[in-house]
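Letters A, B, C and D mark the chains in the order given here, with residues in each chain numbered from 1 onward.
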């Protein structure tokens, strides 16, 4: 009996010796939906990693306030007060851009969770410790265009684009328009102010154009008003296709969401092992299922970091970076590995357009409908609006 | 010194001043009287530039001031005190006067302005209250401040709008003495007044207005005897 | 006066103090606090004439964008000055058209002005539109503390202007204009000139602060630079600190920003609830702001 | 022609909600003399009342209207009693800072309690459409418009026909020095502020049906409501509806007829306000 105990103690001591501890700064807009989801994901992933016993990740979480004026001092604090070598963050493009200066000054290993704007890609182009997990905006465009190509083959010819006139909506709009025209579409685009809730006038204007597809790029707050008012003015498009970063809670239960299509990187119903595992773990820890793809994104970042630390068996950021660059793993989004970005500007790009999938609200839930190899249902086109 | 010709103003359909002719001679005290709504205050507002006339002209010391903004008139020496006292409540009495002394004549050096303020404080008997905040003054002190502030702009002609209103008889007497002191110091005075004893005690000459027009002028005795004047006052109150 | 000098001296010496590991964070936070305090001082200057502006976010943004666009060609300092000048020019136009408006009417007109300007910047091509505008650091990044000392300089300039105006003859003209416009005119105050002058000085300083802000954040979007939030901050701080004073907005700015930062680090989620409650309690118990409290402690009558 | 008609209808329907939010604000400004920055947060509370009742108890938002009005009346009365009354005599700026603080606190309290999520509820009538000839419009905006007008007519009738309403108007027109406030005046302030909040709450219920529910839902309309009451002339309740219609029509016309007009709507809205204010100030002398 005594022997067993001694053995146990020895074993535990050995484990403790082999365990590598790293402190990681997390810099997210935690009072936004996406930021909170991302944080939950990171925490879930870290719990997983720590449970493995070989690596111990300690998180220092700071709110970036979703504005540069808050984010820059917050990063400084992480680097100098908390003395972390690794930072997970960079959700909004504007904030991430503003962080590029201090990041280069303090030289952390920067694991970037969002920031799709290629302006950010440019800003970090000469920075070697920048790992960008999220696809770039041109990936997003490419994924959407593939879907539009498919729609064109199904007879769609006219696209009316409603885009919010902020950085999110207007970022790729010129490219979108040109590319859609290349595909043979006739395009009419109109900006709007997000959250105003008043689309009847613009939709009325679209009526004369008789669009097959109403494509809106905005935020969750615009989803219901657009779906409702499209019907109210009698626009009758064959497809409403939305591209917000998140969809409103409860939208799927609303009949107006029926047949509305959209793009996301992930759905809780995605049928791969990693995704199912994530959903289960998330439900166990937080008691609910999340729709936010930023949650698995944070989770993936934490898991990949855990692997890299384990492989490096060191807390040195450059050794970890070297190992992270070699990581190959399955994730809820599909396989992850780092390659130079398509433009060659940054060296470590995680996901690309292949993670995007198109879904449609059908009978009260979102179902993947495109690309064909990931579709759970056929696309309903024309939809009934 | 001040010449008014054909001054007219209407507000919507109401004629507040119509063809007013008026002269003020240097050194005199001129009273403008008339029933309520006769247009006295409108006349004063026109003279001090707070409202613009529809027609007519105002000449002061040979310069045309008909459309000059209020501050320009003050610079030329046309000072004014208001009926409803409006002290700057967050300033002391001294600071209130200093505003007038500094800006009444453009380019007044600060030293000079302080000297002027001292003189005016003495003249008006406000010296003991100099450091009191204007918001804390009594009505009489308020009225004095109103006068003093206008004096601090170093006017040649001072326009006074019912500065005795609301005062008790004893206080009014004090105020009368003050106005006389002001005249002695070389300032011409035009004042609007309701209280006939005050008019009689102060005015060298009286101008009577009714329905926006000048209906009589002359010495107190002359206008008091004027039939139109009696009718105007009696007719209204009857 | 001593208070203001002390704060500025502390600001100058701050980088040399033994702050240990907190040094960089303190300097970063202080830099933003200085700029916001400068903006608040600028707002207060205009408020002294009785005009409650909601356009100071726009002046800040105009200064920021102008400086950001001009700096590569002209160098940091000329760009900053021109940024202030652009803000002042716009303030002249705004001031001329709003001369006759008072109180809330004036406030809403200035709010409308900033919304229109923001839309123009959003729609223009050379500003980077809604995507945003990358900005070079001050002096092209040649001095690590360059941006910090620029912020100190802006704060010092704002405080000096505020102090000097408080002691100049213009002080009386501004106070008179605020407390009774018609009377002020009859006393010979050229109210139009005073208002416009205050407007331009105030906007110039706001623009200056904006320019340095741009060179610190390195990235501008119309939403951040022209946000209503900043205009409200510019108004909250002087009321919190004490209106129509120099020390009030100065201390108020430093305290409000530090408080907010501290709460964010301490409480994290929902810290703004506490922030809002503190504002409410301040007004309920310190109606004259911090300066009122200090004056009461000293037994003085003046705030 | 049909397009024009449709545009005009779009504009007028949008004006209903604007006017409802603005009327509450105008009541607070006109009677109590308080510029209430937290007005939008009262709407937000109304929206959450509606949302929570719907999700928790399956109560239709139409039924929530009355309850939200009651809840918000109480919230408004408490706010008046605890926060506004002590600062009635304080300078306008202090009052502004107070209500701003309240707005920040309430909005973030909601954030803490419910998260930043945008929530929508689902009723059978959200997408319902009415068509008249060539023009069509949604049932909810139409109902909101009718309801807004009804509430406003009720408000005017209350102010114009009842003794209490007369007292409210008398207080509004004859604001005594705050130190001299009688008990009667205090009571009327309480009533006016409560009514103001109740109107905001009902507007919030409509927002929960037509737009969404989130901690920031109140903000979108408050800024515009401020602009509207200022354009109408502070405290002038009767001016609110015309001002709201002018502005909503300007918005609708611009976004229908100007290419890319959707991005200019805000600017046009505020440009109209700016021009109206400055023009009026220069015209009268």
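Heads up, the rule we're going with is that a contact is a pair of C-beta atoms (placed from the backbone, for glycine too) under 8 Å apart; a residue touches a chain by one contact, two chains touch by 3 or more.
What you see is a predicted model; the values in this text were computed from it and never measured.
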Which one of the chains is farthest from chain B, going by Cα centres?
A
Pair joined by the larger number of C-beta contacts - A-C, A-D:
A-D
Need the central chain here, defined by C-alpha centroid distance to the all-chain C-alpha centroid.
C
How many angstrom lie between the CA centroids of chain A and chain D, rounded to a whole number?
36
What is the distance, in whole Å, between the centres of chain A and chain B, each centre taken as the mean of its C-alpha atoms?
75
Dist(centroid_CA(chain B), centroid_CA(chain C)) in Å evaluates to 43
Among the residues of chain A, which ones contact at least 2 other chains?
31, 165
Within chain B, the set of residues that touch 2 or more other chains is none
Among all residues of chain C, which ones touch two or more of the remaining chains?
122, 269-270
Drawing the touching chains as a network, do you get a line, a ring, a star, a complete graph or other?
other
What's the complete list of touching chain pairs for this entry?
A-C, A-D, B-C, C-D
Chain C partner contacts - residues on chain D that touch it in the complex:
29, 35, 83, 86-87, 90, 92-98, 100-109, 111-112, 223, 226-227, 230, 234, 263-264, 266-267, 269-271, 273-274, 277-278, 281-282
Residues of chain C that touch chain A when the two form their complex:
21-25, 27-29, 32, 122, 129-132, 134, 137, 213, 216-219, 221, 223-224, 261, 264-265, 268-270
Which residues of chain A touch chain D once you look at their complex with the stated criterion?
31-33, 36, 162, 165, 190-193, 195-198, 200-202, 204-205, 207-208, 219-221, 223-225, 227-229, 231-234, 246, 248-251, 253-256
For chain A, which residues are in contact with chain C within the complex?
30-31, 61-63, 65, 67-70, 72-73, 76-77, 79-81, 83, 93-94, 97-98, 100-101, 117, 119, 123, 165-167, 169-171
For a test of understanding, state which residues of chain C touch chain D in their complex under the given definition.
47, 52, 97-101, 103-105, 108-109, 111-113, 115-116, 119-120, 122-123, 228, 232, 235-236, 239-240, 243, 269-273, 275-280, 282-284, 287
